[in-house]
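Two complexes come next, and they have one chain in common, subunit A, joined by subunit B in the first and subunit C in the second.
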Partner chain A sequence: MTIERKKIKKESLGQWFEKMTAAGNRIMAPKRNKKQVCFETVTSPAEVAFDYVQTTVSAKRAVFPPVEEMLAYKFADKETKLEEKEIKPQPTVVFGIRPCDADAFVTLYEVFSRDYKDDLFLNRWEQTTFIGISCIQADSACFCTSTGGNPGNTKGSDVLLTPLKNGDFLVEVVTEKGKKIVTAAENLFSSADSDIDKESLLAKLPNKFEGKDMKAKINAQFDNEALWSRQSMRCIGCGACAYVCPTCQCFGIEDERFGSKGKRIRCWDSCCFGLFTLHTSGHNPRHTQWQRWRQRLMHKFSYEPDNLGVPGCVGCGRCSRACPTDMNILEHMLEIAEEKA
Partner chain B sequence: MEALQKKAQELLTTCRANVVIGYGQGSDDKPRAIFVTDPAGADKLIFNDTCKQNLGVYLMKAEVKKLGKMGIFATKPVMRTVVLLASENQLTDIDVTVIGVNEDGSLVDFENLQALENHVKTITFEPDPADKAKIEAIEKMTVEERWAYWQDQLSKCFKCYACRSACPMCYCSRCTVECNQPQWIPVPSHHLGNFEWHMMRAMHLVGRCIECGECGRACPLDLPVHLLTQKMAADARKDFGWQAGMSLKLENPLSSFKPDDKESFIK
Partner chain C sequence: MSTPNLYKPYIMRVDKITEEAPDVRTFRLVFTNEEEGKNFEFKAGQFGEYSIFGEGECTFCIASSPTRKGYIECTYRKAGRVTSALARLEEGDLMGFRGPYGNTFPIDEWKGKNLLFIAGGIALPPMRCVIWNALDLREYFKDVTIVYGARTVDDLVYKHELEEWGKRPDVKLVTTVDPGGETPDWKGEIGFVPTVLDKMAPRSENTIAIVCGPPIMIKFTFPVLDKYGFTPENIYTTLENRMKCGIGKCGRCNVGKYFVCKDGPVFTFTQLKELPPEY
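After this line comes the complex of A and B, so read on.
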């Protein structure tokens, strides 16, 4: 559908939130808690933080929670019975994601719908509306323009808001889902003046590297152990990068038993953990941290673009900001780009 | 800084170390750990009061160990880390050369671990006053308030294990939390799983935590998990007169028996 442009006053957001809540939606939005801004359930825009570059953790938990029950079972009369769970997620509006995050949700969708249709994910996805907010500021960790995005990218958002100088928002209605949520509160929106220059409102973020060339460049370094070792020597092998990342989607499956009953649960996992690829035999194909670090970057910049046709990294910079040992992904990618093939 | 760089060069040229672990310049004026193997690279070493990461964690990392004998620039917490790791038979004089870095940046060259222990015994270690105040505030809470406080904090944890990975004392090659057949503590990051994980971590560090605060600094969610281990350290000090990382002899109060141990807790 063609993108429809409208305007909403900042003071009307409250009424929009009320309409969304009245329609049965849970609203997840960035909320400030001391130094951190994280996505939490909110009821009014007064709780929402607007003056930040990026949230600490992505909003992926809206469709891919860190802990999710897959099935429950019961053992009785020498028989195991599976308990079918009806999956009925609450309709959710994710408000205030950045354009890079919206892009990341497209990647997640591709992963969970490509061949096997993952009901747990897709049911949540269908019930979720994404309202993005364009970036008017960026920091040194941001590099979305190098991974195919930009600070005002509409890809992945159902509705994209761009803050205007007077505090109001330019509204771009991108999808049918977006149209539905805007139409439900139609009186709050006015038509946008045709002379609003969206581009001039956005953060300026020069391209740091050519995203389309990166796949060939990183592939050429696959066997360069010296490079990967050098980069990962200070990595301590935690999962902070993967857990704050908007596109990381690996999970582990755990069984929890309580007497004769039990649950099967899927939990976030990370390729940076040594246990991730450890075989039952004791053999570990990625037994060193440099191999795990290589996997992380190869997956994002080579395998995902190859297999899914979508970026594996959207340049949000969260991992660089969260890393306790300052593993700066942008710096590492620039080094890889410059390394001799 | 120049003295530090010269010392690194000296360690590398005299083969007292094959790799020197220190701080270098990171992103946005932040320091980061660097590993110098070539004397020519020693000019990348820096030191200032933002250099907080406990570098002792790298003494237990297989890839760093593989580089050969390790030299390390050790601030006070790192000195204690090395003593503790040596007391637990994880490091010997063959593995490591320690260069102490005082708060003013001056250096102390330790001939061996015994010299390090002698030095450590002469200096006092005070827990961070801000953290001490936070622990005292939590102690003053009623049981219900304290429960609510930790519920609020720990429910946010998503188990990235940055606290564990950043801690030099968490060096088990396979952590209990990763054993899932059978499960000892719940692996998922739900409430119970998070509580059991952080309790287990705190208990495993009683008398071993050297109060560097690295677990709390490493937490991407800014959860005050270091207060749990520091409270344990304070209790070990109060109840057993024990401070971790002060002696090369393994006398940790929870893993050593003495005939005159207090038994006042048996009621």
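After this line comes the complex of A and C, so read on.
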């Protein structure tokens, strides 16, 4: 559908939240907790942080929780009874998601919907509406313009808000889902003046590397052990990068037993963990940390674009901000871009 | 909006347990839900996720042939948490299975050709599926040769079947054990699989080679096959990376742009040469 432009006053957000909650939605939005800003369940805009560059952890947990029950069962004598459970997620509005994070949901959707349809993810996704907020500031870790995005990108958002100078918001209704949630509170929105120049409101973020060239460039460095060793020398394999990443979707499947009950769960995992690929025999296909670091970058900049036709990295910069040893993905990508083929 | 859960296993009953070698057993599994059993289909080369509730899932190939209906079999060695729990099961016990997953050996394309199976140790099970599949359709294939080795005589799996294949006039079976692994009455070869294969000087003409074994065996077998003129597209293997989901989501078995679970586990040597060495 063509994007429809409207306006909403900042003081009307409260009523919009009330409408959305009354319709049965859980609202998840960035909330400040000391130094961190993270997505949590909120009921009013007063709880929402608007003044941050990037949330500490991405919004992916709204659709892909860190720990998720796949099956539950009961033990009785020698028999195990599977508990039939309907997968019926609560309708959710993710409010205040950055354009890079919204873009990341397009990548996650591709992973979970291609070939085998993963309904644990897809049912939640269908019940989720993404209301993005454009970026009016960026920091030195941001590089979305190098991965195909931009501070006002509408891709992945159902509705995108852009803060105006007076504190109100320009509203872009991007999808049918977005239209539904705006129409349900129609009286709160006014028509947008045609002379609003969205571009001028956005953060300025010059392109740092040519995203479309990166696949060929990183493929050319695959056998450059010196490069990967140099880059990953500081890596302690903690997995923080994967934990905060909006596109990382690797998971593990584990069973937990509590007396006569048990459940099978899936949990976020990371290719940077040494145990990730370890065979029971002791053989490990990626036995060194530099191979694991290479896998992380290859997966994002070569394999996912190849397999899914979407970027595997959206340039949110969270991994660089979270890394306890100060590894910086942007510096690494710039090094790869400049390395001789 | 209720949809079937992709990760929900079939409930299977352990119908028969066969002791194969120290810590190695074969389970014959039947579906507890007849309807599910009737609708279940698989092809040679595919695998599944076998599970014990409360312990977890693990990945093995389906070791029985699709020509044998009504059950599936798996052979495993007791090694980790789940296989240790499997080892505690008795006939009649229940367990989980989901699958079949992955691609298949293109058996139909091999009709009219000689088949050379080369296996080492606990890697005979993924090949046993193809061997029985081919033997059950014996008239479609020319010579069938099986070369199988293990560390010791005790470690050879499917001893009864090896005996059966050895007696068949339409199968050439060569078994071998590593030097020092023989018993006084051992009548087979002594030596590593690639060495024994070299000594046999296999004919590559109109022949498909199917190789499965530990990485070190595979590494030394390819040069031997190359020496006798086998071309990479006529050499098949099946990879066994660590897996969790089995359906290309969890990221574990990612090798280059491929997922062993979804794009494999069956690969030709031509495809293998293009993969990064991460298997």
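Please note the rule applied: the second predicted complex is superposed on the first by the 339 of 341 C-alpha atoms of A that agree within 3 Å, B and C clash if a C-alpha of one lies under 4 Å from a C-alpha of the other, contacts with A are read in each partner's own complex, and residues count from 1 in each chain.
Simple rule for what comes next: a contact is a pair of C-beta atoms (placed from the backbone, for glycine too) under 8 Å apart; a residue touches a chain by one contact, two chains touch by 3 or more.
All figures in this text were calculated on a predicted structure; none of them were measured in a lab.
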item: First, second, both or neither for A:Val67, with subunit B first and subunit C second; value: first
item: Greater residue coverage of subunit A in the superposed arrangement, subunit B or subunit C; value: C
item: Subunit B versus subunit C as contact partner of A:Val111, first or second or both or neither; value: second
item: Partner chain(s) touched by A:Ser281 [first = subunit B, second = subunit C, both, neither]; value: second
item: Shared subunit A surface residues [contacts with subunit B and with subunit C]; value: 252, 254-256
item: Footprint of subunit C on subunit A - complex, ascending; value: 70-71, 73, 75, 78-80, 82, 85-88, 111-112, 114-120, 123, 126, 222, 249-257, 262, 264, 266, 269, 271, 276-281, 283, 285-286, 291, 295, 299, 302-303, 306-307
item: Subunit A-touching residues of subunit B, taken from the complex the two chains share; value: 26-28, 30-35, 53, 57-58, 61-64, 156, 158-162, 164-166, 174, 178, 180, 183, 186-190, 193, 214, 217-222
item: Interfacial residue positions of subunit A with respect to subunit B in the complex; value: 34-36, 38, 56-57, 66-67, 140-141, 229, 232-234, 236-240, 242-244, 252, 254-256, 265, 267-268, 270, 273, 275, 288-290, 320, 322-326, 328, 331
item: Subunit A contact footprint on subunit C (complex, rising order); value: 1-9, 11, 51-57, 79-80, 83, 92-94, 214-215, 240-242, 244-245, 247-257, 262, 276-279
